[in-house]
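Just below is one structure, and these are the notes that go with it.
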Amino acid sequence: MHNPQLNKEGELQHLITLEGLPKAVITRILDTAASFVSVSDREVKKVPLMRGKSVFNLFFENSTRTRTTFEIASKRLSADVINLNISASSASKGESLLDTIDNLAAMHADMFIVRHSQSGAPYLIAKHLIETNQQHVHVINAGDGRHAHPTQGLLDMYTIRHYKKNFSNLTVAVVGDILHSRVARSDIHGLTTLGVPEVRAIGPRTLLPGGLEQMGVRVFTDMNEGLKDVDVIIMLRLQNERMTGALLPSAQEYFKSYGLTPERLALAKPDAIVMHPGPMNRGVEIDSAVADGAQAVILPQVTFGIAVRMAVMSMLAGS
Amino acid sequence: MHNPQLNKEGELQHLITLEGLPKAVITRILDTAASFVSVSDREVKKVPLMRGKSVFNLFFENSTRTRTTFEIASKRLSADVINLNISASSASKGESLLDTIDNLAAMHADMFIVRHSQSGAPYLIAKHLIETNQQHVHVINAGDGRHAHPTQGLLDMYTIRHYKKNFSNLTVAVVGDILHSRVARSDIHGLTTLGVPEVRAIGPRTLLPGGLEQMGVRVFTDMNEGLKDVDVIIMLRLQNERMTGALLPSAQEYFKSYGLTPERLALAKPDAIVMHPGPMNRGVEIDSAVADGAQAVILPQVTFGIAVRMAVMSMLAGS
Amino acid sequence: MHNPQLNKEGELQHLITLEGLPKAVITRILDTAASFVSVSDREVKKVPLMRGKSVFNLFFENSTRTRTTFEIASKRLSADVINLNISASSASKGESLLDTIDNLAAMHADMFIVRHSQSGAPYLIAKHLIETNQQHVHVINAGDGRHAHPTQGLLDMYTIRHYKKNFSNLTVAVVGDILHSRVARSDIHGLTTLGVPEVRAIGPRTLLPGGLEQMGVRVFTDMNEGLKDVDVIIMLRLQNERMTGALLPSAQEYFKSYGLTPERLALAKPDAIVMHPGPMNRGVEIDSAVADGAQAVILPQVTFGIAVRMAVMSMLAGS
């Protein structure tokens, strides 16, 4: 099967991962998003682009925040949204994932926003829809296991472009638990595709996956070294369940070595921006003085995230 | 009290059960549904028939699938939908069912879609609304205990009519756990009212209720015998909780005796259709080769289900 | 900080409490509500006043009933509604309340409906939005701890004005668990601001807070005495968790001393009205004969509640 994300005309058909997505397609998404940023500022924040379309939020893993961003994006596009918390429903009745999908598609769904704890689930769904000739339904991956979170990756690219104008002269550091982070993976694919010359990964050896160098990433275990002269710092959330146990001694120890403090931020370029996908653990991966400081662009990321999701959804609906 | 489902003009006022519903009313619902099948195929899948109406999904028993079909039907009719999972709310605060109903009616509700684990709850609600002169609110039974699931029955009738054109020369078999199935009960009432000359019930003796013969149903405990020359096979879901215990030896044993395999299907007429209300237990009541085969109309049932619900809702809202 | 509820022009900016809210503002809300009462009676129950606005129901404490009234009010104003059950989401991920608020504001929210088990949470949120210059987002307190429930207070004022025309010659009794009741507190502030000459609190000593006299309230522990010649009786819900334990001997004992029976109701003026915020405990604080009797206006309260919430929301959205 060819790249299931693009149709024969090279248009976006599904959004599963940024890996392998052509630079031209990513750029078109970011350009489309720019036109939606202003929509959210208007008195009436709606456009009729998806009026009468049925969008299903299929959350096999709970995530109120991500579900909310897609729900808002859908409503601002005038689509009808149906929220399904699948773990609590058919799955418990023993129905297979693909039977559930076929059922919802038979209700004339137009779009599935899929969140799943297992890597590959959105790909499996998209592949099934193609093989069974149900191309009227489009799939957006809203985060699958450790694999990908492409709309978060795209909104991060949008944010960087907004503040840094172009990618071709940047040094970008991704900091923290790279190993378990689908956000890190999507960001790295986005950054390399868009031509960022130096992408760095910073974290303790236990939280760095193998293969980063092959992806074109420079690896640092010393944060002070890694932050030197960077233009963009992408902090990752340290998930609670990692904070104690085999991989990390404690949250306090982690903050001492990898927490972003004003002193460490001073090592980056003076106009460096600080990003975080949220929700933040203040005092664990990021100091409040930085999170609330002048270089943080964490809340603009959220704002751009709505516009980016509106862009992806409207492009899929129009293809 | 006269039949609470019809008003004095004989129009549909509530939909509680197919038992006693006149053939003319059922036929009018199916005809109306036919006009909605095409709506879901359009670019803009909405009609303004229920704009500004408030539909409450009152699910005292969890059922994401059924709730979803009503939510989509409501939105395609442009109604406002409020989802209430009642078990988690007032019920736990000790409020009585009818106080909850009166409260919601006082909010100027137009329609209650009621799912309840106890047989008779939707009837009780409809009766109360009539007695308290709150006729502006219409009740649709979305499944009550073992009693009835009339919109499922109607969509099954629609499906049969779609594929078989008329009812007057058909043999229809309902197979499986008839005893606990509100779907079976609604189907049998629909089939006999619409004039199907031979309705069969097939299942193990422990899962067959008494009184089937009085309803005009031929009973078979041998599946091969029961399937002989039938035009329509309606498979029922075997609920997990029945699979082990006093009523059945095991899921494997059940499949051996009552699972629909290609070999068994061959006993029916060559153009027989296979139906299932979902969610399916593949390998328990139905073989995957049949579920995914050319004679299965299980996914069209889902599609027709939206149109049938739109038909019932718009007829009630217009009465 | 000045009264955070009003902007510099004296217009409503947030609705946190009725305490300190000027009489003119309350009266304007009630007048606006009157114009919405008729909207819910129309064939199409919608007005486009909040089209394209994003309303977030932020329920940190579960309350299906209150959430539903705000959801209906929002939809009848044509707003987009996002329901967030926060206890189940970010809060569990360790994010701070104000980080959650900033995130949602960054999605270009227009309004937060906040329910919280801790007194002061909605005030904290409103104060934060003002301090961080995010005045485009308006906060409505939908009940916080024992502190306030201003929309319930307002709908109670609306109901009293509807039936009694003016406040200046009334005696109003609030009966029951005053100590734990945010409804009682909001009612008392509303009544005194609107010029009710005699407000009474009736309840067992263990359920009466200190300071009532300073609020201008006459306190009674004997119900027969307290009900004498009153025009309005506001019954409070006795919460299940109070019924046994240190504060009360039992539900039966409570009913004997403070349950509103037809005999007790006869002590009030002949045209006295009986109110209750719901959900009722029949047989605990109120006898069914009273709850369903001719003097009860409990269901009209619900109807007026939708109009009052539409009034508050549309006034905030327009400021």
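The letters A, B and C name the chains in turn, as written, and every chain counts its residues from 1.
Here is the rule we go by: a residue touches a chain if its C-beta (ideal position, glycine included) is under 8 Å from a C-beta of that chain, and two chains touch if they have at least 3 such contacts.
Only a predicted model underlies this, so the values are computations on that prediction, with no experimental measurement involved.
The chains that touch both chain A and chain B are C. Think of chain B turning onto chain C: fitted on CA atoms, that turn is 120 degrees, to the nearest 5.
For the touching copies chain A and chain C, the fraction of interface residue numbers used by both falls below half; the interface is of the different-residue type. Remark: chain A and chain C have CA centroids separated by 41 Å (rounded to whole angstrom).
Within chain A, not a single residue touches two or more of the remaining chains.
Those residues of chain C that touch chain A in the shared complex are 51-54, 80, 82, 84-86, 88-90, 93-96, 99-100, 102-108.
Chain contact summary for the complex, chain C toward chain B: residues 40-46, 62-65, 68-69, 71-72, 75-76, 240, 278-282, 299-300, 302-303, 305-306.
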